[in-house]
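Every chain is named by a letter (A, B, C and D) in the order it is written, and numbering of its residues begins at 1.
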Amino acid sequence: MINIGLLGCGRIGQVHARAISRLDNAHLIAVADAFPQAADALAAQTGAAVRSSDAIIASDDVDAVIIGTPTDTHFDLIRAAAAAGKAIFCEKPVDMSADRIRDCMKAVDDAGVAFFTAFNRRFDPNFANIQTRIAAGEIGDVEIVTILSRDPSPPPISYIESSGGIFRDMMIHDFDMARFLLQEEPVQVFAVGSALVDPAIGAAGDVDTAAVMLTTASGKICQISNSRRASYGYDQRIEVHGSKGMLRAENKLENTVEMATEAGFQRAPAMHFFLERYELAYSAEIAHFVAALEAGTAPLPGIADGLQAQLLADAASTSLETGAPVLL
Amino acid sequence: MINIGLLGCGRIGQVHARAISRLDNAHLIAVADAFPQAADALAAQTGAAVRSSDAIIASDDVDAVIIGTPTDTHFDLIRAAAAAGKAIFCEKPVDMSADRIRDCMKAVDDAGVAFFTAFNRRFDPNFANIQTRIAAGEIGDVEIVTILSRDPSPPPISYIESSGGIFRDMMIHDFDMARFLLQEEPVQVFAVGSALVDPAIGAAGDVDTAAVMLTTASGKICQISNSRRASYGYDQRIEVHGSKGMLRAENKLENTVEMATEAGFQRAPAMHFFLERYELAYSAEIAHFVAALEAGTAPLPGIADGLQAQLLADAASTSLETGAPVLL
Amino acid sequence: MINIGLLGCGRIGQVHARAISRLDNAHLIAVADAFPQAADALAAQTGAAVRSSDAIIASDDVDAVIIGTPTDTHFDLIRAAAAAGKAIFCEKPVDMSADRIRDCMKAVDDAGVAFFTAFNRRFDPNFANIQTRIAAGEIGDVEIVTILSRDPSPPPISYIESSGGIFRDMMIHDFDMARFLLQEEPVQVFAVGSALVDPAIGAAGDVDTAAVMLTTASGKICQISNSRRASYGYDQRIEVHGSKGMLRAENKLENTVEMATEAGFQRAPAMHFFLERYELAYSAEIAHFVAALEAGTAPLPGIADGLQAQLLADAASTSLETGAPVLL
Amino acid sequence: MINIGLLGCGRIGQVHARAISRLDNAHLIAVADAFPQAADALAAQTGAAVRSSDAIIASDDVDAVIIGTPTDTHFDLIRAAAAAGKAIFCEKPVDMSADRIRDCMKAVDDAGVAFFTAFNRRFDPNFANIQTRIAAGEIGDVEIVTILSRDPSPPPISYIESSGGIFRDMMIHDFDMARFLLQEEPVQVFAVGSALVDPAIGAAGDVDTAAVMLTTASGKICQISNSRRASYGYDQRIEVHGSKGMLRAENKLENTVEMATEAGFQRAPAMHFFLERYELAYSAEIAHFVAALEAGTAPLPGIADGLQAQLLADAASTSLETGAPVLL
């Protein structure tokens, strides 16, 4: 049984709390949030105690902490939790600065605690199935990875302004997915982007339509494209072309119904809301973290994976600014 | 808040208990099972009390009972619960005998209690979507309904022997679905069947491959086919042809992944296990039952729907025996 | 090289003429039609001579005749062509009367000429692929065949009145397909039907919505449904459930494009026009007929297949009239 | 009626000859080939005369020439045909050198003759449907175009050596498709590539796996990826993401059959052979060329389109060599 303290009772914290309640080998001991009402509400639902973040990190009855607080608080919480010997489950991104992630990595390594970077998409059953079958050799050597990722609609400009930019905020997931599927580190990043969805995004210094090309030392290629808007739902597709075949994951639609009329055959839109679309992934990532702690193995992706994805996002940002490919 | 007592802690009882735990407006007060360990285990998981069935029915703190016990116990439990003024959620079939269902209906009507017959498939989001769109006129008048239903593999012969036959045990779901979609009562039933999957099923007096043709007074047609075996999973499809278009629900597959090789494009099998395939339907039917009780409306399908489905199953059995269509 | 005379230069005759022009081992020698302009036009296109039907049948330079004239002329033409020793390719139905088909069969057998009944759907690449894979054992024993066949829109009432009824005019194709896929003769036919598309069809003594259930001696089942109207195109699907798996052919759509919008994912309608939908089948059936003649083997389906399909259509008509299943 | 002379009776020349035979407003007058047997064989099939290329270009009874000879002969033939006032249908690429294409363009412009560059894929009914719907505004403004193009297997090394490289030989089609769909000229090209399929291709100085990113002045993005090998057939897909929706064309499969077994649901491979895959496109491009000549309008794509695609291929080759994006 792993006893868990939850730091951050917002939308994602609530998802994790529900996922823990479905596990037989984990227990939610305590919750913390800067807004007392948020912590109180989640405590009422789950039976967990309300404590401060500091108190949770200091608690003897807590084995592991989940860090679901705003990104700019991660740095201090990670270092404190590592110093206290707690296993750490940290929402992505670990930090906006690669250097600070390196500092966290050192603290985690020095303390010898387990660290999990919550790239939840690795745990989507469809994407996980693809990775498993690649690893089993079902399509031979990976040659071209194509990732298409589109949000239903853009976030508010206030969010954009503090997001770190599309590569660090949105494509970071795709960078991790690329590494997961290529199974080899990208050595070159080339990025393009424009503000086609909303000029206000461009005015805020960001882009809303972006594409990246990654290459690895052995010549594997990955193409990623992002848009902040898709009328037809949350578009999340990956495709891997290998020497012996091809694997692809199509979108999850709202239902399996097809209607035929004069206009043709119509199926439902893609699921719109990311918490629903990735519901199974959120459950599976907590289950993996807890199982790893019980088994004494390292949960994956770890903090080094968090760093690598951030370095790719940084490189893409640089490439967009300079117009030139960036070597890693 | 609706307080619920659960009679029967087997596989389906556990599904209902989990579904209740996800509702804000229902509470599982007590559980009962002929096997004390089963009741104890579920009580431990849910925090419910363990009581006898009689005690639950007599409990003042129980608003509604879920009857998930073996079919031959339904008759007594329904009458007792009705007499005690409890709302009733009863697993299908209500009873193997139409006459005894009529007795239950009278008891329920006399007591004025709510009664829900758990034809869960009406609550599958895909099938429910089709019915909603039919009702909204999206495909005009319903003309031909086609229902294909195939189990992954046959149950043990011992189960077959006490099942009441394929029409009462398996196709009963499809009879209810036919009524749900035709929105008009069938007036004629013609059935054929054979034991093609396992001769032992034929030796037990049943068939494992069966088809039925229903017609309504206005001339609508429904074709149903069942098999006790499908190598590719739990095959559950419906299709409705109307004057303005067609609606169909395809199978739910294990994942959205497609693999392309020399042999072509391969997607995953259909989900195999009925509790997983219909997980959302089980949740939705409990939610509907509880919401109806709170609103003071009649939950649907009711006991009359349970009776009508049973009459169709009886007619199909007679048709198979006599070789002639049966008029209702 | 097989030299062919074409009797009937209407729509289907023109299709056959074009198909012959694509064959290296067949030559269209002469054409005939009751309307001289029709014959002249096709002759001009193909370089064939214009002759009378009698002259074609009597021509020494003609090896085989294609009978594409109105059904009520088939009887005389078949007997004349057989007497003249010509191989015969005859459009379906061979004749509206089973007795008269038997007379033709005797004439063909006595003359020892080859006879092909043009059930073109057997030569559709998709349906042929299914039959080939069934024959190769890919899905084990055939157990349930489901055939859904719907026309885009009903023919004129004048056509309905002389059509022989939906079973002989439209479902005749599905009866042949059922025999092709079941690979065992049906021994029982049960039919239902109603006029839901157009009351005028009912007033003309026919139905426009019909379904049939066939069973074979070993217990295999076939369900067929027909409608004279489908808003979404010419709906032609078959599905075969076997002991080891299932094979199905989906509709041919107008193109492979999918559009995604707020309303969901929309593909094109099914191809509407039967001559386009079955273009490849028309080519393949002529190629098969010619290849069989060159090889000295019997083309298939033969006249006995034409008779069997007619007997099933007659039985379905009787079943609809009497309300009872008909044994064959 | 347009009278046509065909220069080159190889595989593609034969396709064009067959397509002409299906047109009512075109006639194949004469054919030429460096191999007399090839010209004789096609003449026998079509009734055309055999002449030399020079004679065809000089023939008064020829309105238009189709140039289907090896690429290195195009330059001289185009200039001769233009000088003789013939309309010109020229296989892609017009020439391997952009400067020589410019020379041809001048000759064509000076002579005022019609010129069609045979980018057949624009005439594929699926891709054409997408372009038509983009032009009609169905998905709003085009933002991201994704083109995936994979050959079933690589050509011989001897072919690779004289091919001009993957960008000029294979991706040239995708560059034209990108222009067709973006409806705005790319201003930047970035290319990557490697020899993953066959090291011998790398040894020959070419790559077999390549990807390109194009951007336009207004910020539209196009991602293209090519592989010289796909186990599952000739993979030809395009997808266009717009401000109001998305359009995509899926592969054309060998048939519409799906088989379900324990392994899942399997459909046929993609059509393998490019002449079959694009059969309808070859017919449609000739029909367009002839219709434009009859109407006196300019056939499209013209020689300027041939030049632009070649410039993109040149830029991609340069980008691959230099590792930097190339501005146009």
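Heads up, the rule we're going with is that a residue touches a chain if its C-beta (ideal position, glycine included) is under 8 Å from a C-beta of that chain, and two chains touch if they have at least 3 such contacts.
Predicted, not measured: the structure shown is a model, and the values here were computed from it.
Trainee: If every chain is reduced to the average of its C-alpha atoms, which one ends up farthest from chain C?
Mentor: The chain farthest from chain C, judged by C-alpha centres, is A.
Trainee: Please pick, from B-C, A-C or C-D, the pair whose interface repeats that of B-D, with more than half of the contact pairs identical by residue number.
Mentor: Repeat interface, by the over-half criterion: A-C.
Trainee: Per the definition at the top, count C-beta pairs in contact and tell me whether A-B or A-D has more.
Mentor: Most C-beta pairs in contact, of the two: A-D.
Trainee: Per the centroid of Cα atoms for each chain, what is the distance between chain A and chain D, given in Å?
Mentor: 41
Trainee: I'd like the Å distance between the centres of chain A and chain C, where a centre is the mean of that chain's Cα atoms.
Mentor: About 57 Å, centre to centre.
Trainee: Check each residue of chain C and list the ones that touch at least two other chains.
Mentor: 230-232, 235, 244-246, 260-262, 268
Trainee: Which of the residues in chain B end up touching chain D in this complex?
Mentor: Answer in residue numbers: 230-233, 235, 253-254, 260-270.
Trainee: Which residues, counting only chain C, touch chain B once they are in their complex?
Mentor: 141, 143-144, 146, 148, 150, 188, 190, 192-197, 209-211, 213, 215, 218-221, 223, 225, 227, 229-232, 235, 239, 241, 243-246, 323-325
Trainee: For chain B, which residues are in contact with chain A within the complex?
Mentor: 125-126, 129-130, 133, 138-139, 244-252, 255-262, 268
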